[in-house]
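Below, each structure is written out as structure tokens.
Below are two complexes that have chain A in common, paired first with chain B and then with chain C.
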Partner chain A sequence: MFRWVIPTIIAVVAGLLVLLGYLAPIPIFVSVRIVLVRWATVLAAFALVLAYGSILKVHIARVFRRRIRHRIASLILLVSAVITLVLVLLQGPEGIWVQAILSDILIPGQSAVLALTAVTLLLSGMRLFTTRRSPMAVLFLATALLMLLGTIPVVYPRTVELIVQLVDAAATGGMRGLLLGVSLGIVITGLRIILGIDRPYSGG
Partner chain B sequence: MENQLIALGLVLIGAFALSIYGMRQQRKSKRARSSDGQDGVEAAARAERGAGVVPAFQTFTAEVGRVAEAGQAVHVALGSGGLLSEDGMVSIAALQGLAALTKLSAAYDTPPYLTTGDPTLYLLADTQLRDAYARLGTAQGYRPGCVRFSAPTPTLYAAQAATLTLDEPVGTHINLGAFDQEASLLVDAAVTKKAKLAGGAVSPAGLSALYPDLTERQLIIGEELFAGGAEVTDRSAFLASLAAANLLRWLVILGILVAAGISLVGPLLEGGG
Partner chain C sequence: MTETLGLIVGAVLTLMVFSYLLGDNVLYRWALALLVGAAAGYAVGVAARYVLNDWIVGALAAQGAPDSLAYAVPLVLGALLLLKGFPPTRFLGRIAVIGNSSLGYLVGVGAAVAVSGALVGTLIPQVTVTGEALRIDEGGLAIAQGAVVLLGTVLGLYYFHTRPHTHRDAPPSKTPVQQKTERLGMAFIAIALGTAFSGALTSALTALVLRLWQLVELAERLISLVAG
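Entry: the complex of A and B
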């Protein structure tokens, strides 16, 4: 009963109300949707507390485990996680030190890691023909190169420009087809949950 | 307003189709069960959808046995699609595609490392693995440290999860869920570790990061990810949802053709009039 009947009823009713709030243009449904989404955000905050605990648990275990690589990295992560939490509790999320951590450490660090993906993507492009030796692999590489050419601000001969535009149109069409299929999958998965057929929240 | 009504219409048709196909599928399963036993049900279900449409899902369970023999583990990177974000359903579909893997891992007591970049997804993944142990009656054997929340942003999550692949004895790396180009960091770590790769993504950026290193049999492209439940569990609800998705797809194609026809013919008629 408590394991799945009550959670299923709550999930089905809440799901239907939120869906109606988005799709049916009736003010009462819109207000209910806003309230329910706000409650969900509060619940997600509790999930964040549990997830924070998971990070601490995993890295404390790593620091005290012998013969493990990068123990010092785990220690740095633990210290910074605790310091950041203490600062947020003392100053709030808008505090000077908290904002300094965000703008001077987190954002530049994240940008640096994102820049690294350019290198890893290039490396995986170089490995392409070791995994796939097919016309599709050649087409993939040619499309990627043409799209890259298209982003360089240079005046190309008319023929090259035309080829780039053609490939651009084909690639955009393919991407839209992919996203349409994914959207339908999302609709059906959501419907399964709203109708109570799927219960990922209770392991069923 | 007009778009909202079209979406509502699609949702209602989807719900109706899901119910009808679901009932039909259940009747079929009952009939097959009464005549052939459980094997007959699975055979009928497989025949219905055409088995091995997405072979990558079948390789997941094979990997559990392979890494268990080698004394290694599977690392499943679930991405950063949280339940409150637009990628929530992608993450849920990814977890359903992993149902057989988590079940088998629990049976062998070789739990996979499940990493997530979102707290709500972390709770779902934890529930799924814990439940797999509980169903076998070995709930006390569950090790919570196997499901890990790595970091709250996609890039930092990928960097953290990549270090797990490098640091732990990972023999197979599976990327399944909501990823963009940061997936290349995870793939690169798996290639460096010489781990076997499999998985898929739904975004073009995520797929372009996976495509060069995964073969056709290892890669799950876009909407194929939503077929995971049907591929690994044979539950009639999943099979019905594949049929409902197909019906919706044809309706969308019809809608696109009608809209294109109207936009083509409309100005001609106006000009003629």
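Entry: the complex of A and C
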């Protein structure tokens, strides 16, 4: 009963009402949709707390378990997670210390990780060329190279400009095909959940 | 002075992350642990403050049954969801199955938002602009570009939907025309991914230059401090 019957009824009713609120712009449906989505944001916040608890549980176990590698990393994660949470709860997101964590730790750290991907992307591109010389791999790398050259502010001959424009159009077409495919997939998966065919919430 | 201290912390963290270029090492892992912990703490702190300030305080101040109900429903569903964090050996863990209702609500609403977003935000606009791409009244190059976009969209979609093969050794179930069309679609996808790759590389290189520039800026400040 509680495993899947009631959850399925709730998922189907809530999903249909929200979908109706988006697709049928009738005031009563729109009002119901706004209330239901606001409730979902509260539930998402609770889900975040649950995930945070799970992270803490895993890393506390790692810190106190013997013969396990990278215990100090787990300890650093625990300390930084708890201190940041306490500071945000006490000061709010605009607090001085929270802003310091954002501007001196999170932003530089995350942009350093992004910067690191420049090297890994370059290396993987080179590795692709050496290990898999299929026509598609060559096309992929040639397009990437052409697009990178296109970002350099130099006046190119008219023929090169024409090629870049046509490749750009081909990339737009390919990306649009991918986007449409992904969207169709989302619609089908979402409808299966709303109609109760798929029940990812009944795991127990 | 505080600004310089912040720069030093950022620079040390940057160097710890960049140490990965020498191979997987503890400095890199410590930097990542710090980042993950701080990001998780920040996100949960913001979410908890939202629930506390906007919902729990609101529920306590609510007057009248409908108002109280509107505040109570998500809080009760949220409390049921938290039951799923308890191990199944304990009593609260054994009744955690009640939390499936909250999960069902979250998944149902999430699916409806995703479906409407995909329909209204992607499918309808993308199909519309693809149809409008081919314009005869704008000259030769525009016609060629529109035709390529249209062809790329149709073939990309075709490739995307005929992709799953049965087995490598199984006899081909597609006609030669279908196979050629699929390869053409694959070429369009390869071009699209190549463009996306170059965009990602450009963003990452920009971030790399910015981080290196901050290191240089810090070195300049330290030199000027030492030099008086």
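Here is the rule we use: the second predicted complex is superposed on the first by the 195 of 204 C-alpha atoms of A that agree within 3 Å, B and C clash if a C-alpha of one lies under 4 Å from a C-alpha of the other, contacts with A are read in each partner's own complex, and residues count from 1 in each chain.
The rule is simple: a residue touches a chain if its C-beta (ideal position, glycine included) is under 8 Å from a C-beta of that chain, and two chains touch if they have at least 3 such contacts.
Please read these numbers as outputs of a predicted model, since none were measured by experiment.
By the touch criterion stated above, A:Ala144 is placed in contact with chain B and with chain C alike. In the overlay built on the shared chain, the residue A:Ser202 is in contact with chain B and with chain C. When the two complexes are overlaid on their common chain A, residue A:Ile193 makes contact with chain B and with chain C alike. Residue contacts after overlaying the shared chain place A:Val58 against chain B, while chain C stays out of touching range. Once the two complexes are laid over each other on the shared chain, residue contacts for A:Val113 go to chain B and to chain C alike. Looking at the superposed arrangement, the partner reaching more residues of chain A, out of chain B and chain C, is C. In the superposition on chain A, A:Leu178 makes contact with both chain B and chain C.
In the overlay built on the shared chain, the residue A:Leu89 is in contact with chain C alone; chain B does not reach it. Legend: residue contacts after superposition of the two complexes on their common chain; A:Leu50 is shown touching both chain B and chain C. Legend: residue contacts after superposition of the two complexes on their common chain; A:Ile76 is shown touching chain C, with no touch to chain B.
The contact surfaces that chain B and chain C form on chain A in the two complexes overlap at residues 19, 22-23, 37, 40-41, 44, 47-48, 50-52, 54-55, 57, 70, 73, 109-110, 113-114, 116-117, 121, 125, 140, 144, 175, 178-182, 184, 186-187, 189-191, 193-194, 200-204. Within the complex, the chain A residues that touch chain B are 19, 22-25, 37, 40-41, 44, 47-48, 50-52, 54-55, 57-58, 61, 68-70, 73, 109-110, 113-114, 116-117, 120-121, 123-125, 127-128, 131-132, 140, 144, 175, 178-182, 184-195, 197-198, 200-204. Listed in rising order, the residues of chain B touching chain A in the complex are 1, 4-5, 7-8, 10-11, 14-15, 18-19, 22, 82-84, 89-90, 92-93, 95-96, 119-120, 122-124, 127-128, 130-131, 134, 144-145, 147-150, 152-153, 155-156, 158-159, 163, 166-167, 181-182, 184-185, 187-188, 191, 202, 204, 207-209, 211-216, 221-223, 225-226, 237, 241, 244-245, 248-249, 252.
Contact residues of chain C toward chain A in the complex are 5-7, 9-11, 13-14, 17-18, 20-21, 26, 29-51, 55, 70, 73-75, 77-79, 81-82, 84-85, 97-98, 100-120, 122-123, 126-127, 129-130, 141, 144-146, 148-161, 185-205, 207-208, 210-212, 214. Within the complex, the chain A residues that touch chain C are 2-4, 6-8, 10-19, 22-23, 35-55, 57, 70, 72-74, 76-85, 87-89, 92-93, 98, 100-119, 121-122, 125, 136-137, 139-145, 147-148, 151, 162, 165-184, 186-187, 189-191, 193-194, 199-204.
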